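Next up, some structures in structure tokens.
Next come two complexes built around subunit A: one with subunit B, the other with subunit C.
For the complex of A and B:
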């Protein structure tokens, strides 16, 4: 007689659980209160969507060279955006030198495609290096000198200026922020106090105040002969302000690297600097990449403040356009410009935030 | 670092610490040199431009008008009064936007936690749209575009005793003289008489700040609510608490504990962002002190120093309030 302790008959495969189609009635109206809310929202959406469709598409004016193309405020004045495409893209950049601006846009587009498409095992160093070298190259190309005629930054504007300021801010704020974060965590008391004081001081002040200081006060602190144009002063303000923001992000990244890592590095004979360079920084920076993308989103949104101190970024270009003799006088034209800008910023920033979330999920 | 057994630092320790000491001395020297250069440049420039320095100007007559002020302010008031009026205006818009953004943020947070459907989708779209469009653009839109859609003076919207037109929102005020009565605003000629007027600038700024920050607060509150264990809601249901009562009595207090530090940071951001008032001419600290006072007195250094101090003080107060509230919440947990 044999005793089986192991089951011999094979159990038949179970039927896969049925995937029910979404029960829309339950999803939309689980309780009477939700049903009322849903219906109200639906009515609101239909009304707003219909109104927007009427304004933005049906009654919109697409072509024309002056405000006469857009009579009344029944429909959007996209003609304003279409006719002023050049100031919106490059500001007052001289027409015969425009290839320099196009080169910058194309180079950035290629760079960005490479950044997003590269395999995620590829080294981060090249990306960071690109973010530092690209703005320098753009600045040199755009301002000219030598064989190229000089184009002062006062003639840059629109999307070009927004792009250059964003990149320049990123390229300067990240290294300064990293130094501040390291200084704040250093054993040396004076470095710790100076860095901590700077970061906390800047963080308690609005960016607009920093920009006002750079625009109105900074010249008083420079030698009387020297002159620094408004564009450079604005970039300095952006760099310092965002360096303080980046410092907090890097501090988080540095704290995320376990103490054991540093002790292990010391055990194998690395000195402080080598341990930082080979062990701590690569881990810390990789950990904060999604947060750095969020800083970039914040910088893109902050660049709109430039229009307040009189540097014409994308928002400034729209405002200058709506005040130009051809287009002045109708709030509808300005509204069309604002809606166009809102759609542009929304696309860019939403895309970046999705990218940031993807990076976070991939870790 | 192990402390040396004797007060005399041994050679090895000194060798290890020396680069640090030298580096710090160098850093201090560079910072001191920069500060000294800045100050000497400043003094030279002030002499060359014949500018005056010091805060003496605060007691001079300001000579300008402030459109909306919580204290009595006339052109004969001093610059100090102007600074106080501006600071109060900033506090007013921070308080209004703070309350409004919290309420909207809570609604959107609960909306995003609803089962998939219209409410859930609409809340998600709200968050993504309003936090990805620059705040300044939103404020300008409310000020220049939305206010333009409001009716003119002669056909003002009347909602109960409240009057709304493109000159602002007019709330009924309480009249004490000669008898206590409700002072209803009404159109008289080319003006609105009576009641309490809220300027379009304040409406646009409050709307912009509230909506922009509510999108961020909604995400913070949602994270807080998600951190409350499911068992808590089930336990609440067991003892008969459901729906709004469970949300307010059980979920929110626990969610707040997680959300409060982040929300506090967001309130500080809101306070700083209120300086965008300068773009639409709402008389706040930035606009009055950093703009009008600085340009009228040509004492930009003193004016900007005041601006920075005031914002830093406001930030500090918000941090203190949040810390106190946090302590209170944690005390409840300990019981």
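For the complex of A and C:
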């Protein structure tokens, strides 16, 4: 027989029990075999950390203006990085015009602080607009013209070049990528084929090959007399390559907007363009911003390939520095430069990836 | 459109409409005439073509044979252009089973986006209109919220207000309560009933038989892509003629 149960007093909500902190002893030494493994790994980390500390701090040489400051290879030669800070930051940018480079760095830093501090509220479309307008402004300021003396891009270098190429790539690749993604959904078969062919073609070729084509083959196709410097050609190569990447990302975002949304837009009287502009794109772009940040991280790292075709980005600046008369002859100097380079890229890319995580959490 | 002579004016007329999905014959020789102020309820088993029929009325789906006349726009099977669809949709509103609200916009923006971007109505005028319709569906308090913050019933009422805000001559409802929790069905049905009481022309696909009986001028039973029986609600439910409708009512009404 079923008993008839009736609750007399409602149960009030209670506080959840506190989650226990991690029990390190249980986590690291659950069984004897695991304990041995943990100890071995710990010993390895300590030994490696100790070696690095010895090399990077204890025996390191911090100051000096030539390789004589760094005798032996027991310690890192940070003197090399410290002494050559200017070429590492701006390359050969003329000393009397350096304020232009500093303005770019400062403007970007301010923009980035704004983006991160407002990461929970700022309109993503405005952030993207910033990423498109900033590089245009930077390019105009750096190259000069009018009242400002012209500084050819061949004199730009180091971190400045990395920053400008990254931003310029982003600013061009995103709009082109969006157009390609829309083209692949077009009702016109020719537009569909062209965009699809371009995206699939570029995606199947290594970036380095695209860069070599831009550096060596492209000038042959350009009409004689037209001068397109190596920097611009490299940016074009980066832009096209990453446009293909961005196109695939945008395509995913567009697909994520359901058919029902487009139908609803139709039934409230929006034409195709308005539906795309106010219903589809805002949702599609918001959905793919984390993936776009990933493309940006990839672009930053890809810029190191520029040094192979002779554009001196941050990596190029390190290598040129290590070959300069004052510093030539010690592998330790180049190693120190590479470690500095890795640390710089790690800081920038890790920061971006954290930002991307924050955006994902926001949704 | 309030004069006496308009009382029987044609709002929608389907003549000999046939529709195939690939080789599947989804709608067969559909003839349907809806006059101004009329409330038509369409019911039938799933897969009978009810949704396809209402989606053809505002050209969300193309058809291969027949003629469609909606709010003065006459379209043949081979004349379904984007321009024609846009013209029809500026006069016909639609409420979907899945609400299809715009999730990135506030409730108020959901109502105003159509008139502002579609018909270029003055912003201030649209906001006034939207405020009035939100009040009509009892959601003035929620104007600044996003759809995800509302219950299913509230979302569907927003969808109704959004359709009203485009000032349609006809509103189509495609199973508006089918994806709602049972306790929210009534608030949506009540909103629809009050619309009907005001003389709005409505074509409603629904399984809510009590609603059909209370509100409809005419009930249509569809099966296998064709109209099997059309009758006044009393005849439809109390004196069904066809075997298929009798079987259907037997399944739906006896619990």
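Structural remarks
Criterion: the second predicted complex is superposed on the first by the 336 of 363 C-alpha atoms of A that agree within 3 Å, B and C clash if a C-alpha of one lies under 4 Å from a C-alpha of the other, contacts with A are read in each partner's own complex, and residues count from 1 in each chain.
In the analysis below, a contact is a pair of C-beta atoms (placed from the backbone, for glycine too) under 8 Å apart; a residue touches a chain by one contact, two chains touch by 3 or more.
Values in this document were obtained by computation on a predicted structure and should not be read as measured data.
When both complexes are overlaid on chain A, the residue A:128 reaches neither subunit B nor subunit C. Of the two partner chains placed around the shared chain by superposition, subunit C is the only one that A:266 touches, whereas subunit B remains out of contact. By the touch criterion stated above, A:286 is placed in contact with subunit C alone, subunit B being left untouched. Taking subunit B and subunit C in turn and counting the residues of subunit A each one touches, the greater count comes from B. When the two structures are aligned on the shared chain, A:205 is found in touch with subunit B, with no touch to subunit C.
When the two structures are aligned on the shared chain, A:305 is found in touch with subunit B, with no touch to subunit C. No residue of subunit A lies at the contact with subunit B in one complex and also at the contact with subunit C in the other.
The part of subunit A that touches subunit C in the complex is made up of residues 258, 260-261, 263-272, 274, 277-279, 282-283, 286.
By the touch criterion given at the top, residues 58, 60, 82, 85-86, 89-90, 92-94, 96, 98, 100-104, 113-115, 117-119, 162-163, 165-166 of subunit C touch subunit A in their complex. Put simply, subunit B touches subunit A in their complex at residues 1, 20, 23-24, 27-28, 31, 38, 41-42, 44-46, 48, 114-119, 122, 128-129, 132-138, 140-141, 144-145, 148, 268, 272-276, 278-279, 286, 290, 294, 300-301, 304, 307-308, 311-312, 315-316. Contact residues on subunit A toward subunit B in their complex (touch as defined above): 22, 24, 26-28, 30, 34, 37-38, 41-42, 45, 187-191, 194, 201, 204-209, 212-213, 216-217, 219-224, 297, 300-302, 304-305, 307-308, 315, 331, 334-335, 338-339, 341-342, 345-346, 349-350, 353.
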